[in-house]
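Chains: A, B, C, D, E and F, in written order; residue numbering restarts at 1 for each.
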Amino acid sequence: MATFPLIDENAASAEVRAVFDDIRATRKVDWINNFWRALANHPPTLRRIWQGLKEVMAPGALDPLTKELIYLAVSISNGCVYCTASHGAAAKRLGMSPKMLGELIAVVGMANQTNRLADGYRVPVDERFENLF
Amino acid sequence: MATFPLIDENAASAEVRAVFDDIRATRKVDWINNFWRALANHPPTLRRIWQGLKEVMAPGALDPLTKELIYLAVSISNGCVYCTASHGAAAKRLGMSPKMLGELIAVVGMANQTNRLADGYRVPVDERFENLF
Amino acid sequence: MATFPLIDENAASAEVRAVFDDIRATRKVDWINNFWRALANHPPTLRRIWQGLKEVMAPGALDPLTKELIYLAVSISNGCVYCTASHGAAAKRLGMSPKMLGELIAVVGMANQTNRLADGYRVPVDERFENLF
Amino acid sequence: MATFPLIDENAASAEVRAVFDDIRATRKVDWINNFWRALANHPPTLRRIWQGLKEVMAPGALDPLTKELIYLAVSISNGCVYCTASHGAAAKRLGMSPKMLGELIAVVGMANQTNRLADGYRVPVDERFENLF
Amino acid sequence: MATFPLIDENAASAEVRAVFDDIRATRKVDWINNFWRALANHPPTLRRIWQGLKEVMAPGALDPLTKELIYLAVSISNGCVYCTASHGAAAKRLGMSPKMLGELIAVVGMANQTNRLADGYRVPVDERFENLF
Amino acid sequence: MATFPLIDENAASAEVRAVFDDIRATRKVDWINNFWRALANHPPTLRRIWQGLKEVMAPGALDPLTKELIYLAVSISNGCVYCTASHGAAAKRLGMSPKMLGELIAVVGMANQTNRLADGYRVPVDERFENLF
């Protein structure tokens, strides 16, 4: 039920195994989830996405949990089942409680509601909201 | 260029004015932005959305800034111009710096990218990611 | 500010003019709105879309106003500015009142909200809801 | 295969049970569908969404069936599997026939098609379509 | 687990069978996939969609494989599971290799990423990009 | 009317200028379009996105024009105004004719239509379409 077979963690090529090893080391986990095993069918994508994700999700002006909450919220809003499950698990690992998730989903629902209200009423942007920074 | 005329802050009906007053008091601002002036064309929606938004965005297990960042991220991801501008301003008021916004947009972009990769590869959910709580 | 120039109502080719004439006759209007003037840059698309639209929007088990309300609701939900404006005007011509539009937008907002809640909670479909007809 | 366990109809807290009772009474049904049992994991969301839905879907300028058809159309357009199933069942209960559903899906498909055509051709809004009401 | 039962290839009405026969003849296949068997519940939709699809996907300024790749890319981007599977198979039949699919999914992911970056930064369109043709 | 000011091509920091120079050299153009000038407000994003885009859009199993057509199709389908304009221009530079664009938009429209039909009818994936490669 997948587009490509999932690449076996152990039987992967050297190029793929190097990325898998970095995923395990960076995340301090001992297994590789299906997303990366699927991407391994196209090694340049596997490498590029992992490098990009590692860079984007590293601690910065936003802490890792806040970043995961944003990632999860966008994934729910896009209706991506896999990403909702995997980033839900990632956020939980970083400290997201059931109550935090309940509030996050409520914000996602409310944002989707008011996004459509703004479009339905064709609300013009207030001048004071232009040029944010 | 709007579906309905924007209701004048001062010439509104008593029902609408009561909501406008609560918005100004709750947010400690002295004006009403276009979103609410548009919704005022349908007072039951104005009242219901404002009450819901006030409840959802109140401090809870997630703090108000984190909630605004999630709201902004979803609005960007949905391509809602008005909401991106208004919730960008709201997040800035609560302390979002240019660097935080740069990182937020990067996470939104990355999530949209991997959401589609997961769908393109039709990745099955790992058993370990089921039953989150 | 368009991808292609809008084709002049009067200077169009015979093939395009035939569709324009049918639009004016079917809708009992004396002008052609920009959507069709843009599509006229690719005559097979102009003809195919007009024929399909005429068939789909004709009275059937659903009356024309109900069909226009559904069309408008989907257009708002998709954030399509042009379609929100044009199908809003079409629905108004068929009898949509300001109050009906207010309720329609409220339903669109609510549906977008609960769609995301269902995805966020990953709610399994109840057995009783399977096999609708 | 859900984010949270579905709350048992009978073992719920008093707060949740009060909402469940109101759902059963309002809809004249003797069971609670999974959507509400999932939301019951976050009681403030359960209460707020139910109150909002009850208000928005009540008879008004639009009758309940028309509202359900709009709800269903948006849910299909958003690709929400659960909502398509549950609002399909709700619309059927209110009188939607197989032929009406066939026409509804055709309108949803057509709207999604022309929404993208309008975006692809970047069609400017006709002046006559501005300021709807 | 479908909205309507799938219509049996052999037990269909004459009207439906005529479309099924044309699908088999045009595609040089000896079976009818589920999409058409579902649409057969509403014969006018079955006929209209098949005619439109046949016209749109015929060789033209773009060759059939390029058209299928575009179709598949849009289906992935929209998260349509059925269409991703069926148009993936169609593209493969026309010559899409695993490497081509890997690159296609990478482009879809990148486009979704930069689409949201453009929206997040609210980038104004460069004058040189106006009036494409 | 942007979230951040557009960074001046000439007054940029050394880090940003290096990316701008590479964009000009790679594309053989003598100016920088607004997208990159906006991203330059967050240099790590500018660098990462440019590197990724350069890699993904390079000739491979798919030629550059086919990749641009896919990119443009996804951008139209997502309703991204900026990306529709910029990737439309890029595809034109690589040889896209008006007729090719007309066909591309027709395919995007048709795909969006049938994507929603498949979701509306909740069509189960045919067994023959599983395990594509």
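By our rule, a residue touches a chain if its C-beta (ideal position, glycine included) is under 8 Å from a C-beta of that chain, and two chains touch if they have at least 3 such contacts.
Not measured: the values here are computed from a predicted model.
Taking the definition of touch as given, a chain qualifies here only if it contacts chain C and chain F alike; those chains are A, B, D, E. Taking the mean of C-alpha positions as each chain's centre, the chain lying farthest from the centre of chain C is A.
Taking each chain's centre as the mean of its C-alpha atoms, the one that lies farthest from the centre of chain D is F. Chain A and chain E have CA centres that are 27 Å apart.
In this assembly, the C-alpha centroid of chain B lies 34 Å from the C-alpha centroid of chain E. Our note on geometry: chain B versus chain D, Cα centroid distance of 21 Å, whole angstroms.
In chain A, the residues that touch at least two other chains are 1-4, 41, 44-45, 48-49, 52, 56, 77-81, 84-85, 88, 98-99, 101-106, 108-110, 112-115, 117, 119-122, 125, 130, 132-133. Judged by the touch criterion defined above, the protein chains are all mutually in contact, each touching every other. Put simply, chain A touches chain D in their complex at residues 79, 84, 88, 98-99, 101-103, 105-106, 109. Residues of chain E touching chain F in their complex: 1-4, 6, 31, 33-35, 38-39, 41, 45, 49, 52-53, 56-57, 60-62, 66-67, 69-71, 73-75, 77-78, 80-83, 85-89, 92, 97-104, 106-108, 110-115, 117-126, 128-130, 132-133. Interface residues of chain B facing chain D in the complex, by the touch rule stated above, are 1-5, 41, 44, 48, 52, 55-56, 125, 130-133.
The residues of chain C lying in touch with chain A in their complex are 76-77, 79, 81, 84-85, 104-106, 108-110, 112-117, 119-122. Chain D contributes residues 3-4, 41-42, 44-45, 48-49, 78-80 to its touches with chain A in the complex.
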